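In the two complexes that follow, subunit A is the common piece, with subunit B as its partner first and subunit C second.
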Partner chain A sequence: MADPSVTLTVTGGADGLGLPLRHGDCRLTAQPVATASLIAPYPGRVAACSAALAALGLAFPAPGQGLSAQGARIVWAGREQAFLFDAAPPDGLAEHASLTDQADGWARFLLQGTGAEAVLARLVPLDLRAGSFPQGRVVRSLLGHMPLLLIRAASDAFEITTYRSMAGSAVHELGRAMRATAARG
Partner chain B sequence: MRIPCPCCGWRDRREFTYYGHETFLHRPAPDAGAEAWDDYLHNRENPAGPTRDLWYHDPCGSWVVVARDTVTHAVAGGEGLA
Partner chain C sequence: MSGGWRIPGRGAEIDRARPLRFRFDGRDMEGFAGDTLASALMAAGVRVVGRSFKYHRPRGVMTAGAEEPNALVEVIEGPQQTPNVRATVQELYGGLQARSQNRWPGLSFDALAVNDFLHPFLGAGFYYKTFMWPRQFWERVYEPLIRRAAGLGSLSGRADEGEYEKAYAFCDLLVIGAGPAGLMAALRAGRAGADVILAEADTQLGGRLLADLPEIGGQGARDWLAGVRAELAALPNVRVMTRTTVTGAHDGGTYGALERVGLHLADPGDLPRECFWRIVAKRAVMATGALERPIAHPGNDRPGVMLAGAIPAYVNRWGVAPGRRVVIFGNNDSALSAARALTAAGIEVAACVDPRPEAAVLEEFPVYRAAQVVGTRGRMGLHTVQVRHAGGLSEVQADVLGLSGGWNPTLHLACHMNGRPQWDDRIAGFVPREGMVRGLTAAGAAAGRFSTSQCLDDGARAAGEALAAMDMAAPEVTPPAAEDAPYGIAPFWAVDARGRAWLDFANDVTTKDVAQAALEGFASVEHMKRYTTQGMAPDQGKNSNTAALAVLADATGQSIPETGTTTFRPPFVPVSIAALGAGARGKGFAPERRLTSDAQTRAMGAPMIEAGLWYRPSYFPRAGETTWRESCDREVTMVRGAVGVCDVSTLGKIDVQGPDAGRYLDFLYTGRMSSLKPGRIRYGLMLREDGHVMDDGTCARLGEGHFLVTTTTAAAGQVMRHMDFVQQGFCADWALRFASVTEHWAQFALAGPKARDLLNTLLDQPVSAESLPFMACQPVSMAGVRGRLFRISFSGALGYEVAVPARYGAALFARLVEGAEALGGGAYGMEALNVMRIEKGFITHAEIDGRVTAFDLGMQRMVSAAKDCIGKPASERPGLMEDGRGQLVGLRPVDPSDAIDAGAPLYTAEAPARAASWQGHVTSAGYSPTLQGWLALGFLAGGRARHGEVVRIHDALRGRKLMARVCDPVFLDPEGRAMRG
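Moving on, here comes the complex of A and B:
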């Protein structure tokens, strides 16, 4: 039985971390994760998952790929794993894949500014220049020592997703890198 | 050192966890005898030169068999595991 005297309050993964941050021309903002379903297809069922996702105008993404349609978004998230954002899993998908609601397990940020590449170069062991990391590309990598799902949202903006339990450390590390990059002018 | 991941391409070594020689892929039959099992569990070569070992790509969850040279540190390539 629910206790009527208890009120549960929804909080975001980036609450209380002092966002938005601004250093130089770079701005770090919170991007709340409203819905996030991790889709892990059962062995050999990727095509069946794509067929079920067609109801949303989506398909199961290839490594490094993200797809959007009708306000929903699916993003590759690891070997035979993808996140479905901003939509409920379509009917029939659960027959072909393990689905877990992970919306409150992740924290998401947007880093925007002409110096964003230089900021992330201090924390991510990848070449994030536009030539090798174009708009829309998705990678799993590291933010310092933290697990990272990184998407290039625009020529000067990156969507940064990490474990919610590490959101404070992520903001600390990003803020330090932003400050140091801005200090170099 | 950079290691090829079957999903993600060449990535920095710090994204990987080392799991030792590929011996772990050659598990003896249950009745292979104590000597074979002792070898499998405990005995490893320490080659100066080409070797093949197992690496786990933490960000994406792929296992890779990496062919590399312990003398030159050259990484010749990698194969994903099923």
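Moving on, here comes the complex of A and C:
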């Protein structure tokens, strides 16, 4: 029989990685993912998904778009996919889209500082200048060789989400780029 | 300074208040901050800086830039050394240690200079003609010998431990080169608000202005530059990148660029040595200037012979005189300008030799018109120049000879996409054509427009055109007034006189070599290049290209345009592999994927092995165990007798949902999945489109329109891609979606007769054999955490796999290991897992290696006859289901003490171990403590009909020979009683 004294403690995706990390004016912190559902509308059901998401004050996002309302957030995450963060999927959504719990599959970090764009220029092969990648914009790309969901959180801050299993490599690579960027002053 | 080579009042770029000590060939010397190694060596009176590639002739500094062919040195940093560093590019820092190259025992006496006396035998094609036979001598004898005698710098033999980086940059306009044209282009585009990157290879902006110091807009060049520099720095949309050489023009407006970041510092701290940039630009202006070319005359390679334009650069930039008496030999007006500038700087010009009969002679120095330099003297440094003129032959005492055969526009980048430049008689050189690289425009000297005024105008024009092409307003600019002297030149390439006249200094190629190539039929420019090696040294022909063409044209009786150029390819300057591969050294090569159980696993002392990118435990050693086999045998016995725990989270988990999910999976798998009942699991095979097995795994139906596909660890990505392809390509309108949930779930296998006992210590609602039968699944709760429970087994023992969200993975693993140990079991690793699946004849990618069919595996019955699936038609092609094919079998040694190696080939018992009698191969092998002997799986021709036969295993690679008996691939519990119990 189950031992009632047993509890299962929680280990975060970025635990034990030495965060926060600081080099120059750049700071890398862990941003735990509380809830995350991947929403993938069935063919032709984007509008129906938006209607269901209206209960949260949200809609299904266009490519590259992120929306937030009432503490919940939805961000585009690839072809006909979006992540819903910080809220449970509203009723009726499952009829129009596949829903998978992904909260534990990802490690999320915030990179903040005036050098953040320069740090990412060493790891992400995309044009992240503010004009091309303004605040709130979302993109799927690579962080070095790692899968990446990148959101511009502020003019000097990026939200970096990658596979939980690769979090150690991600922090190592980011730390390396932060150190080299900081050394340039 | 020693010898007094510094010129008072000159040298704006050095800081005489900051002397720096450095060491060259073991000698301590002193230079100043701002010096290059070349200028510092020159100031220290060093004339010979290296030995030539083939003939080991003494060589001195020839240029003041990246095109330097002679002054290549090794820079030493602790145990590391960097070969072929151009002394003209390397900036001086305190404590710099450099060493000359390609000499033994020393620079002043080099034993291999004997080659120079052998030169009549060592001309073009010598190696090809001489070292043809005996054939096997090439690799073992000749090549090592030649490599020792001919060569450049040497490597330390150690891995490069330096830090490098790679980075991306994006802009509207990339301006390549910051001479007058580039600066005007950057200014105009910057003022217009465009995002501009101005890349300059030198340490500072200015280009030739820094050497020639012309007046611009009524100001001195330095004052004008200071103003421009300040304006560019104040424009937030302009990014100035000095020490950055654009190395290549590539597709889609992408340019490669190499930045020297920390190589000029005594203590670079955390700065990388170099950064390799990929710059993506909507438009680019190539304002790369021009490279001066020498003239081929006998003895033109002595230390002290240099490019005429380099002399004012050393005088004006670093305040150093390359010599005391200078002869200038040039066929164009820039040579005369150089001579005047030197005179103004107080350096004696002993003669200006001009082959043009109409050259002006009213100068402050003697001018020989219609004259030529026909020879030089001075083995370790020039002391006499022989001049042939109308009055006869004169000997002029001089320690420097400045050559100028004209200027070649630096158009290499424009040629990187296979465009060919065109010949321009006006400058006797090649100029770029429009449109050679889409979006790139040449401006200034790079376009063959040489006066300062033309460069300024042209830079502004090019920026205006680029802005217009980007639909951006271009504010009018009025370039400042500057010198606009016409460029007079009469083509003159090689002096007709006895003696070796060098074209390619870096590879020791003379005019005779080129003529010899033509004579032997290598008359096309590409053949001549390869036969003589002209243009194949680190300078890639920057100093020799056009003159070599001209000499070839002369030898073949063609014009230069008819002869054409060789192909300029990236990179424009040498790029270290370390910079291209920055960050990829060691574990940087690929990310590591770590399990939630990783920390505890390592703490338990388990050696980790890589599976894909994952790190998994091989085995968990316990006290007293000295070999992996002891641990592995114990772990297998533990599972067979009690219970084992293994992290299986690495297996791919793909969640498939939607009303059409079942129909889709039927199409994907060889078997039918739509008929699965919710809560049940089925084993499945997926085929590639070509009919071969791609992967195997289980498919669980979690709900009506909800399935969970598992894949092998190695093929997870491939299966995901395949599923995407099938869905998008064949059934895009079906109502289903899938997503990888591999990372979300931590999943652990519990295997062994006590697996259920262990499980029930955790489950909030216990399970029984009946409540959850074999191949069933259900949601569960453990300590309030919701998870999933699957009754499946990869070990053949009573088995479960329990999954929880990854945040609970570490805690659950710890709890399971603790529980298993209390029951006489424990954690097991990949070795034990492998042995147990071999005991059961379960396949992995050792068996499904991409070449086998379901038929070969004995799984043809899993390919449903009642429906279609991906790969089924192709699997029915002739030859893919033949009895003679390699079929999966089991193998056991006839002598129980024999071991079997995976990979070993199989032969019939009587036949010799030859390719002709090859019968198959062993795919997996392991020692089974359960069955007390070695077991193996393999593919044997027609194997299913050969059970009981004895075959020969002859592993020549590892020197193991044995006889083995063929059997069914399932060695243990063929009815599956244990896992169903």
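Worth a mention:
In this section, the second predicted complex is superposed on the first by the 181 of 185 C-alpha atoms of A that agree within 3 Å, B and C clash if a C-alpha of one lies under 4 Å from a C-alpha of the other, contacts with A are read in each partner's own complex, and residues count from 1 in each chain.
Throughout what follows, contacts are C-beta pairs under 8 Å (C-beta built on N, C-alpha and C of every residue); 3 or more make two chains touch, one makes a residue touch a chain.
Computed from a prediction, not measured in an experiment: that's the story for all the values here.
In the superposed model, A:G64 lies in contact with subunit B only, and not with subunit C. Of the two partner chains placed by the overlay, subunit B and subunit C both lie in contact with A:P125. In the superposed model, more residues of subunit A are touched by C than by the other of subunit B and subunit C. Once the two complexes are overlaid on the shared chain, A:L142 sits against subunit B while remaining clear of subunit C. In the overlay built on the shared chain, the residue A:A170 is in contact with subunit C alone; subunit B does not reach it. Contacts of A:A182 after superposition: subunit C is touched, whereas subunit B is not reached.
Residue contacts after overlaying the shared chain place A:Q102 against subunit C, while subunit B stays out of touching range.
In the superposition on chain A, the residues of subunit A touched by subunit B in one structure and by subunit C in the other are 81, 125-126.
On the side of subunit A, the complex with subunit C involves touching residues 1-3, 6-13, 16, 38, 40-43, 80-81, 97-106, 121-122, 124-127, 129, 131-132, 144-146, 163-170, 173, 176-177, 179-180, 182-184.
For subunit C in complex with subunit A, the touching residues are 163, 165-170, 195, 261, 268-272, 278, 280, 583, 587-588, 590-596, 599, 613-614, 655-659, 732-746, 760-764, 766, 782-785, 804-812, 815. Only residues 7-8, 11-12, 14-15, 58-62 of subunit B touch subunit A when the two sit together in their complex. By the touch criterion given at the top, residues 63-64, 78-79, 81, 125-126, 139-142, 147-148 of subunit A touch subunit B in their complex.
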